[in-house]
Structure formats: C-alpha cells, structure tokens
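Look for subunit A in each of the two complexes below; its partner is subunit B in the first and subunit C in the second.
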Partner chain A sequence: MIAKSYSLFKKDFHSELRTRYAINSLAMFIIVAISVILFSIGNETITTSLTAGLFWVVIFFTAMSGLARAFVSEEERGTTLTLQLIASPSTVFTGKLIFNMILVFCMNLVIALLYSALFEKFIVQNFSLFLLTFVLGNIGLAVASTIIAAIIAKAGAKGTLYPVLSFPILLPLILTCVQLTLFSFDGTRFEEAKFELAIVVGYDVIMLTASYMLFDFIWKD
Partner chain B sequence: MVWKIFLFLLLAFVSIAGITFPIVEKPSAWYEFPFIPGLEENAKIIFFHVPTSWLTVIAFLLSTVFSFRYLRTKNLDDDAKAYSAAQLGMIFCILATVTGAVWAKFAWGSFWSWDPRQTSIFAILLIYGALFALRSSIESEDKRATLSAVYSMIAFVTVPFFIFIMPRIMKGLHPGSADDTNAGPVIDFKMNSNMQLIFFLSLIGFTILFFWMWRVGYRSIIIKDKLNKQLTGPLAG
Partner chain C sequence: MYEEFSAWENLKIFANIRGINLNEALVLSYLAKFLLENRKDDLVKTYSSGMKQRLKFIFALMHSPEVLIFDEPTSNLDEEGKKVVYEIVREEGKSKIVIIASNEVKDLELCNEVLLLEKFK
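== the complex of A and B ==
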C-alpha cells in the first residue's frame, strides 16, 4: 500500500512539474495577498496579535486557492475511474495527502520567510514553539483541505464552494494556531502553551482518523 | 392529539411564567425568582435562550446520527431525516444567536463582542450554511445524500471543540466561562427550585416541540420525494 501511494504521489509530482500549475498559482497568490496587506498597512505599524492573525489569513486563503486541485484535476481529466480500478481508497487518499502535505509545507515556508522579511513585528522569541505550531498546523490544514477537496471534486468542482466548506472545519485549528503563534512571538514557555498544543494535536489525530474512515464513501459512489 | 394540547399548555405556562414572574432579593412565595448578581432581570432569558441553543446541538446530533445511518443503509429516508433535522437546527441556531445578541446588548452593552460562546454559535451557523450550500450544488439525489452525510460527520468531529471545550477554557463574558465568578455555574446553585423547575419544563417543552416539528418536516420531505417520483416516473419509463 505504501509503495502504491508513493507511486501515486510520484505521478502527481511529475504531472505538477510538467505543468507547474499549482506552484505558479500558489506563488502568485502569496505575492498578491501579501502585497495587498502591505499596501493597506502603509506606514502604520501593526500590533503583534494582528501580525499573527494576518499570517494565518494568508495561509488559509492560499491553501484554499491551490489545494482543491488534488482531486479536481482527476475529475477533469476523467482519470477517476482508472484510479478506482487500480488502487484502494485509502491508497489514493494517502497519495493525495502526501502531495498536498508537501505543497502546504513549501507554501507556508515561503509565507513565513516573506513575513519575517516584510513585517517588523514578526519576531519569533520561542522558536521551537513556533516550529511545532507550524508543523502541526500544516498537517491539520493539509488533512482537512484534502478531504474537503475530495468532496468538492465529487460535487462538480464548484470553486466558490471550497472555502465555504473548509472554513468552519478549519476554524478551530486556525484559532488555536493564531493563539500559539502569538505565544511564540511573546516568548511564552512550553508549559503555558501545553493546552493549545494538545488541542492542535487532537485536531490532527481526529481529522486524520475521520478522513480515512469517510473517504471510502466519497470515493466509491 | 392529547399530547399536543399538553404541549400547548406547557409552553403557554412556561412563556407566561418566564416573562411575568418577578425577581426579588429574597424569594419567599412560589412564584418569585431569586436575584442573581451580575445577571439581575436579564436572567429571565435563560428560559428561552438556553433551550434554543440546546436544540441547535440536539439537531446537529440527530442530523449526524441519521447521516451515519444513511451511509450504512443507503436509505434515502434517513437522508430526509438528517436534512430535516439540519433545517430545524439552522432555525434554532439563528434564534439562539439573535436572542443571545439582544441579551448581550443589555447585559454587556453591545450586540456582538466575539465572546467564545458567540464565536462558537457563529461557527455552527457557518457549518449549517455550508451544509445547505453543498446540498444545493448537487443534482443527483444519492450523491447529494452521501456527500452531505460525509460533510456533516466531518463537521461533527470539530463541533465538540466549539461547544464544549472552547467556551470553558477561554476567558469570556458569558455566564459559565472560565473566569466567571459572580454568575457562576448558573444552573447548579444560583437558581432556586422554582426557577429550576420552570427552566427544565421549558427545556422539555421545547424539546417535544422540536421532535414534533422534526417529524412533520421529514415526513413532508419523504412524501414530496415520493410524489415527484410518481409524477416523473411514467414519463421517464
């Protein structure tokens, strides 16, 4: 199963390298979103909490603009049936999840680097806490957006529906991650952020389990 | 029929008692409510606001249970039940949000202040909205039922966080928050026995009302589907 998932991932990776559709649109989206924020800020200095919030706003909308491709592209090319024949649902989901996960990590790394270069208040005091939040948040984001992308693809690839469906599901994750990012800016110790970290870990685990259990129903219709 | 009259009498009594019974410092007569510091006259909203938000959660639970059953049985009647419960849940969710906001205007001074409870009811409203948006975007009956069942189950795993964890760990203004000292856990000991009685009567009355509305709702959906099939059947065949 792992080998099959890996070859599925490799297929997506190669087709992505060939067209560079997701990478290009994500990169442009990040630049556009951050420059709009910078234009609207102008010469004013914004607070730390606002910086942490805006960081996750850009992450959320960038994810919404690019991650739906994973399953929509299969529906567009008409390759869904072939995939259904050659691989089990969980294999397909694992392959797509790995691809989206890597995409999310790359794009959020770029966003974080741009933020630390462009925003004065983006100063991380507790780096290990920030790193942990970043990793856990990305995992949750990738899992939730992959399963919603599968629903969207079956619903006829309605573009506007994707953020509408994802936002309520991602809200607990984003709220907690904003809080944790703020903690890492303030230099809060690990012990004080324990509860929020537990929530994010719980969210990731629950989402992963629920996605694997429910993906069968979406995939085989 | 008998229980409909009983329900009418119950809800009429609860409405009259909840609105007209006076709040006094030291309640002695059976119809007097105790004075709760920090809530005062505003405390009366508990008879109407709490049942609506309770039914929002019950409706969501029922919707998820029948979604789960639909995924197992693939019986469209279960989908009709889940859909009907979600519709009612949306209505009660809006009622809870509006009554809460009106109460907040008088208790806290503004209609909306992103208190953890307000955030969570808003998130549930968004989930219901997303569910209906998803349903209306799909033509095929089976596909619509399956996808909305899956979505409502995914939403259900995140909702406990909103309703049960977040309001209790975050500092907020709503009675029952983590740092609430004067209004405290209102239901446990701040209410006297007659206030508790009317509160639970109201809860029971609203719950019966909900199940009645739900039954009417899903039956009408099932009958509508049947009629549609009968009307289109001969043409298609």
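== the complex of A and C ==
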C-alpha cells in the first residue's frame, strides 16, 4: 500500500510542479495576507499574544486557499472514478495526505520565516516548544484539511464550503496552537505546557483515526 | 487522464498506482495499434478527443483484464480509430469476455450474443 500511495503522491508532486495551482495560490495568499497585516499595523507595536494569533490566522486561511486542490483537481479532471477503480481508499487518502502534509510544512515554514523577519514581537524564547507546536499543528492541519477536501470535492460551492466546514473542525487545534505559540514566546517551560500539548497530540490522533475510518464512505459516495 | 503529463507518463502513473509493473512491450504494441506511438511523449492536453479515446483503450487493456466492458466504444472515433477498436475487440474476444453497450449497429455486429434492452421492459 505504501508503494502505491507513494506513486500517487509522486504524481501529485510532479503535477503540482507543472501546473503550480496550489503553490501559486498559497504564495499569493501568504504575501497578500502578511502585507495587509503589516499595513494595518503601521508603526504601532502589537503584543505577543496578537502576533501569535495572527500567525495562526494566516496559516489557517492560507491552508484554506490551497489544500482543497488535493481532491477537487481529481474531480475536475474526471479521474476520481479511475482512482476508485485502481486503488483502495486508504491508498488514495495516504497519497493525498503525504502531499498535503509536505505542502503545509513548506507553506508554514515560509510563513514562520516571514513572521520572524517582519514582526518584532515574533521572538521565540522556547524554541523546542515552538518546533513541537509547529510540527503537531501542521500534522493536525494537514489531516483535517485533507479529509475536508475529500468531503467537499463533489459539492457545487467548493470555495465557500471548504473554510466554512473547516472552521469548527480546526478551531480547537488553532486555539491550542495559538496558546502554545504564546507559551514559546514567553519562554514557558515544557512541563507547564503539557496540557495544551496533550490536546494537540490527542487532536492529531483522533483526526487521523477518524479520517482513515470515514474516508471509505466519503470516497465511495 | 492527467493532461499535464504525456501519454507514456500517464500509463506509468496508473500502472504504479495500480501496483503492477508496466509491460512496456505490450503497451508499446497497443500504442502502435492505436496509432499513438509517435505521440506517446506529447502532453495529453495536446491530444484530440479521438486520440484521448484511443488512449483510454490502452488504459483498459494494459493490465490484461479477463473481462472487458465497453460503453459506446467507438464514440468520438474516426473511421481509422473504429477499425482499430473492432480489430482489438475481435482479438481480445477470442480469449476474454467482452461486453459492449452500444447503439451502433456496427459495434453490435462484433458480438456473439446481442441483448436488446427494450425487450426486457
């Protein structure tokens, strides 16, 4: 199954390099969103909590602008039925998840680098906590975005439905990640952030398990 | 089919996702039969609808299935393409089960048994 999933991921990766649908939309959104925030702030200094919040707001909306492509592109090209015939649902989901995971990590790395360069309050005191939050947050975001992308792929108003459906599902993750990012800015020790970290780990495990269990039904309907 | 890839890349991608080794000799022979051999490295987006239709036959045949089900197999095809399809159906029909759903009289002439659905109303 892994080899087949890897083949599907490789196909998506090469397809993205040739078409650049997701990369372009993500890059444009990151540039526009950060520019708007910087213009609206002006010369004022924003607090660390607001910086942490805005960091995850940009991550959330950037994910909404590009990650739906995973399944929508198959639907638009009429290849969904072919994939249903030649691969098992878990193969398809794993392939798409690996692709979205890499896309999310690259996208969020760029956002983090831009934030650290442009926002003076984006100073990480506890780097290992920030790194762990970043990794766990990205995994949760990628898993939730992939399964929601599969749900909305057959819908008519995909663009609207994707953020609307994602918001309640991603809210617990985003809120906890904002808190953990704030902890990493404050230099809070690992032990004091255990509860929030457990929430994010729990979220990732639940989302991953639920996604694999439900994807069969979503994919075949 | 993924239009941003060539026909050959598409065939390789689907073979890999299916988990089978691409039988290059067989696929090349089908490409030659379906008059696509010289265009196999061109992107599918440059193909006409008839060429895409012919390429779909190769997708269906590349893993040597035991049962072939065709729905309107000669739609979008020119006379040359239809001839190739009829030849393939005759050839595959010798050793495999071929089911064709069609309104074309010529398509039905290939069949050993014809079921008219209106009779079953």
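Keep in mind that, in the parts below, the second predicted complex is superposed on the first by the 219 of 221 C-alpha atoms of A that agree within 3 Å, B and C clash if a C-alpha of one lies under 4 Å from a C-alpha of the other, contacts with A are read in each partner's own complex, and residues count from 1 in each chain.
Going forward, a contact is a pair of C-beta atoms (placed from the backbone, for glycine too) under 8 Å apart; a residue touches a chain by one contact, two chains touch by 3 or more.
Since we're looking at a predicted model, the values are computed, not measured.
When both complexes are overlaid on subunit A, subunit B and subunit C end up sitting side by side without clashing. By the touch criterion defined above, A:Phe195 reaches subunit B but does not reach subunit C. Within the superposed three-chain model, A:Lys4 lies in touch with subunit C and out of touch with subunit B [touch as defined at top]. In the superposed pair of complexes, A:Thr82 makes contact with subunit C only, with no contact to subunit B. By the document's definition of touching, of the two partners only subunit C reaches A:Thr19; subunit B does not.
In the superposed model, A:Thr91 lies in contact with subunit C only, and not with subunit B. Think of it this way: put the two complexes on top of each other by chain A, and the tightest Cα contact between subunit B and subunit C is 12 Å. Counting contacts as defined above, no subunit A residue meets subunit B in one complex and subunit C in the other. Interface of subunit C with subunit A (complex): residues 1-5, 13-14, 16-19, 59.
Interface residues of subunit A, counted against subunit C in their complex, comprise 3-4, 7-8, 10-11, 14-15, 18-19, 77, 79, 82-83, 86-87, 91, 95. By the touch criterion given at the top, residues 71, 119, 123, 126-127, 129-130, 133-134, 137-138, 142-143, 146-147, 149-151, 153-155, 157-158, 161-162, 165-166, 169 of subunit B touch subunit A in their complex.
Residues 144, 147-148, 151, 154-156, 158, 161, 164-165, 167-169, 171-172, 175, 195, 199, 203, 206-207, 210-211, 214, 217-218, 221 of subunit A touch subunit B in their complex.
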